[in-house]
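By written order: A, B, C, D, E and F. Residues from 1 in each chain.
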Amino acid sequence: MARSAVIKIGGHVLFDGVELNVGYVRELKDALVEAAGAYDWLAVVVGGGELARRYVEWGRELGLNDSALDMIGIRVAATNAALLWAYFHGVAPPSIPSSLQEAVAMLPAWRVVFLGGLQPAQSTTTVAALLAEAVRAEKLVIATDVDGVYSDDPRRNPAATRFEEVAASELEKMFSGGLVAGGYRLLDPLTLAVLRRSGIEAYVVAGRPPRNIVRALRGERIGTRILPK
Amino acid sequence: MARSAVIKIGGHVLFDGVELNVGYVRELKDALVEAAGAYDWLAVVVGGGELARRYVEWGRELGLNDSALDMIGIRVAATNAALLWAYFHGVAPPSIPSSLQEAVAMLPAWRVVFLGGLQPAQSTTTVAALLAEAVRAEKLVIATDVDGVYSDDPRRNPAATRFEEVAASELEKMFSGGLVAGGYRLLDPLTLAVLRRSGIEAYVVAGRPPRNIVRALRGERIGTRILPK
Amino acid sequence: MARSAVIKIGGHVLFDGVELNVGYVRELKDALVEAAGAYDWLAVVVGGGELARRYVEWGRELGLNDSALDMIGIRVAATNAALLWAYFHGVAPPSIPSSLQEAVAMLPAWRVVFLGGLQPAQSTTTVAALLAEAVRAEKLVIATDVDGVYSDDPRRNPAATRFEEVAASELEKMFSGGLVAGGYRLLDPLTLAVLRRSGIEAYVVAGRPPRNIVRALRGERIGTRILPK
Amino acid sequence: MARSAVIKIGGHVLFDGVELNVGYVRELKDALVEAAGAYDWLAVVVGGGELARRYVEWGRELGLNDSALDMIGIRVAATNAALLWAYFHGVAPPSIPSSLQEAVAMLPAWRVVFLGGLQPAQSTTTVAALLAEAVRAEKLVIATDVDGVYSDDPRRNPAATRFEEVAASELEKMFSGGLVAGGYRLLDPLTLAVLRRSGIEAYVVAGRPPRNIVRALRGERIGTRILPK
Amino acid sequence: MARSAVIKIGGHVLFDGVELNVGYVRELKDALVEAAGAYDWLAVVVGGGELARRYVEWGRELGLNDSALDMIGIRVAATNAALLWAYFHGVAPPSIPSSLQEAVAMLPAWRVVFLGGLQPAQSTTTVAALLAEAVRAEKLVIATDVDGVYSDDPRRNPAATRFEEVAASELEKMFSGGLVAGGYRLLDPLTLAVLRRSGIEAYVVAGRPPRNIVRALRGERIGTRILPK
Amino acid sequence: MARSAVIKIGGHVLFDGVELNVGYVRELKDALVEAAGAYDWLAVVVGGGELARRYVEWGRELGLNDSALDMIGIRVAATNAALLWAYFHGVAPPSIPSSLQEAVAMLPAWRVVFLGGLQPAQSTTTVAALLAEAVRAEKLVIATDVDGVYSDDPRRNPAATRFEEVAASELEKMFSGGLVAGGYRLLDPLTLAVLRRSGIEAYVVAGRPPRNIVRALRGERIGTRILPK
């Protein structure tokens, strides 16, 4: 059985507003090359970021419903994945996987694959968890714009504390709630349920610097470790 | 814009244990022909039923994880969809859609399409809601083995009452909870969130007799009407 | 044989800088609905615009070569096509065609299809001409940010005059030259060669207001008419 | 249920040696247009002819085995199908179906589809019978280079008589035997078994002139009628 | 050129009636792991078994024709293949190949692939022979519910003797005959013709215990060896 | 990053008129095996040759336009590619890539892929240049029926001299001009523009003997070396 890991990189980690952070992407590649050295397969799921949010906004003004808006946001995320694919593998990118089955199918030959979202009403974090489950990944690293999971919103509540380790079941209680296109939360209920049911250990780390991803894969104490229970 | 409706038919409605209820399927076709007459497009999502549950059990004994188990259950549901496709259209069935995009792509030419599930950790009811949203369906009818949504489990609590009408937001509070392969509930949180965000009116009706589906599509008082709020 | 027309809409017509012109898109839909009424099939090829240019810039900083850059620009154009597809047909968009064959395959069922680019080193105007040729379109309308073809760059040379009518062979002499990713000209040599060899009449019109497209399809005197000789 | 018919046209009917008989193809189109008027769906399966035989010969000299040779012959037949598709529909042809499922999938939108072979060790006549069965075609017409089925080889035995009508079961006894790439017989055992099991009435007629096909579809006395028993 | 072998495993070998024999599948995996060690590529074709037979029965009651019934049986066989794929590779299974070309395309990356049937009126044994031919497999092992080929039905005639070795041409004479959906025989004429024309050596062995497969691949005296002449 | 090279082999190199030169193909395989030893990936683009030209002629008589004619010529080239695939890899060929993305997608698993053309109005030489660019090939070798690029047509002008080395920009001036289906020139403007923009070094060599290809890949002085400037 192939040893594998899955990494989710938030769109807002790759971009500063509507500008790609090119320097960041360079360092990210180095981190991914290092990470790929420790696994047979590595899957990287990227978000759409601010550009996706803009498209969603325009579509909403035109009266598109959430399904169509999500599909368009997914296309922006896949464009980001294509850019990373081209940069990592040094080729004009092939078709970006548009289903879990396609992602699995491409792993044995490419070893490192990049994808965006898959379906409306589904966050790219859920995609990452589903793919981690599909390939029995040893770890899922969620690289985002905060450095872990906090007891409360750290931007509003200075007393909020970061969990070093927390059970998925605990988080389920904290993060339940609504669902609006493009506005998913850090860890939605479905992601947590998937982690729990398949025993996948996840880390939430600050995506910058990208070495945090490597450190989490190595099991270092960084960000928040989410126990699948 | 094409006028459309989506119907979810639970696997346990089509089957009695591991036996297809052939007489039921005959009546169902008549109902679907009638329903199809009132819409440009009709999408029918079918569940896997007891046979899917059996495959899941065997796979679990072999140590497959939930992702693989769900994928196998999805294949059984798609086999049921293929059987209905063949019976409804009188042809050897083409590929059954394996993504929302494929389902949408087939509707203009076929007008009536049948599919099973799409992804692990997703009920066929969620698939039906997502597809209803994707095509801006006027109605979603969920044909299942109870005749509506009850205030409590009617098999255990004789005082349980059936809702004639209930808001999705009310149901969200009632039906939150865990997620186990093959054991999804009548209406999971994601389904309800999708209905709410896109304003889709849904009906939960007893799948037997199949005319209940036609009656719900016509707006008759039957089963439980779920308001998208 | 199906009667058809092809319309190319430049990305810079849809967008003001990096902002979609939502009001324009609304009017464009009305124009396309009207245009669709006169043909069996209508194909709309859209450009990537300023957002594609941005992605190309970021990719270039990362050292991607022109092939990869073009593929990423094509993805942005396809995202624009998906947005228009969703708005025009009122559905979550199916897969956007990624080859001429796929575009042709979708026309009989959808009647109106939207696509972006197809290959590196190929402008979306060339795509439009190739598709016009593939379906023997009666007309190709190129809706762009100038109101026709001029004898010289009208922004620099106030004495430049607009052609009411010009032969493709004349234009070939005027517009030959280099090829840089994302920086194709109004009418490249390949487009002109395709128009000539298949006898397709083309119009270059100002994309704003979108009724210009309808007027060109009707054969009114507008923009520049390019004769296939 | 869509009313349909399937027509098999032998490669040797379309070609004179290695030269396409262009005049014949023109008349064939007229016949197919007329035939298409009487059905919802019409599927036309074409053979590879002498050019396929040549490729098979070259491949055999290179030591390819029969599977590879058949696949290459199938490609030639599909090229012939593409040419007819282009001529009939007036478009650059989309992908030619490479499975029964794809052929069925394209019929509702295109109404008239053209294909070549599908699998090694399978004649295009078998493909036609399988497709006739898949769509419950009312009739299968096999247009070939003889004017029906004879009691013996009419080129060698002048006493051979043509059957006006013959049961498939009778033919099964006559036509059993070996299997060599590219050298299938008029009616192989599998074709006959398919006709029998699904009750499809077939006609073997001389492919020239092509009006014979129309006459057979109309039930006129022409060629040999094969009863599915 | 890749060294390869193909294994056909009858549905009735995997299942006891409608119950998967989980213990058997565990041992089968060990045997396949061992077999895979000796080849570059290994393809495993599985049958549908009793569950496929049930679906066929239900479909027949509904009036589906043999083509549709076979397609549904193929789906059950592919579900069995998906279960084995998941168990062997430890992943949620990608798309199961639905054509010879797809099976060949997946072999270089996956090395061991699992599939069910491909077309109506074709046994999974024929599929295995066609795939063996397509990849120039050194051996085809047919694991079934008898321990070889007998001179007569051993369940009825106690004097029936098992062949240690028999020519395909001899078997052709013994096994000709009719064709009914779901009721194919051990070795149909097409399978034998394919083996002969491409010189593939085949073994018919008892599928239980699964080590018989390994023994046949090693050339041990087991079951019946079918010589391609 | 994978090291790669791309080879274009003209149809007229493989064929003598309408006859495949079998002896040549044998030697070509040896050369390709040797070439493949020096790279991770090798892509071979083949032309259609005289058979493609014949199909184009027949289609033209039927009134097909250039788009359809080119698509049919592409199919003949892909048939040639399938024959080489079967011969090189010793398998029945999988689907021949019909887009750059598909060609890129198949390289990691197959290492050596064969394809024909991709789009109307595009030479197979352009396809080879685009694919070389897509995979950042170190070299592109164009094996054709002349032994390099001459200052004038050597068949008409005995004073014509062969360039040992020439800049793409110089050739652009020499080779501009018209575009007719099936009649592309040795090096069209688009090919040259692609070579220049991506810095790909190309060689034009006589395709016979095939060792010329190996020699060009090794950097020996042979044919004409085209500098990407």
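The rule is short, and it goes like this: a contact is a pair of C-beta atoms (placed from the backbone, for glycine too) under 8 Å apart; a residue touches a chain by one contact, two chains touch by 3 or more.
Not measured: the values here are computed from a predicted model.
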Repeat of interface D-E, chosen from A-F, D-F or C-F - more than half of residue-number contact pairs shared: C-F
Interface residue identity across copies chain A, chain E - same or different by half: different
Higher-contact pair (C-beta pairs counted), C-F versus B-D: C-F
Inter-centroid spacing, chain E versus chain C (mean Cα positions, whole Å): 53
Centroid spacing, where centroids are CA-atom means, of chain E and chain F in whole angstrom: 42
Separation of mean Cα positions, chain C and chain A [Å, integer]: 35
Multi-chain contact residues (two or more partners), chain A: 67-68, 71, 91-93, 95, 98, 100-101, 108-109, 120, 133-134, 136
Pairs of chains, among all present, that meet the touch criterion: A-B, A-C, A-E, A-F, B-C, B-D, B-E, C-D, C-F, D-E, D-F, E-F
Sites on chain E touched by chain B in the complex: 18-20, 22, 25-26, 51, 54-55, 58-59, 61-64, 67-68, 70-72, 75-76, 78-79, 82-83, 86-87, 91-93, 95, 98, 120
Of chain E, residues touching chain F in the complex: 1-2, 100-102, 104-105, 108-109, 133-136
Touching residues on chain F, where the partner in the complex is chain C: 65-68, 71, 98-101, 118-121, 130, 133-134, 136, 176, 178-181, 189-190, 193-194, 196-198
Sites on chain B touched by chain D in the complex: 89-95, 106, 108-110
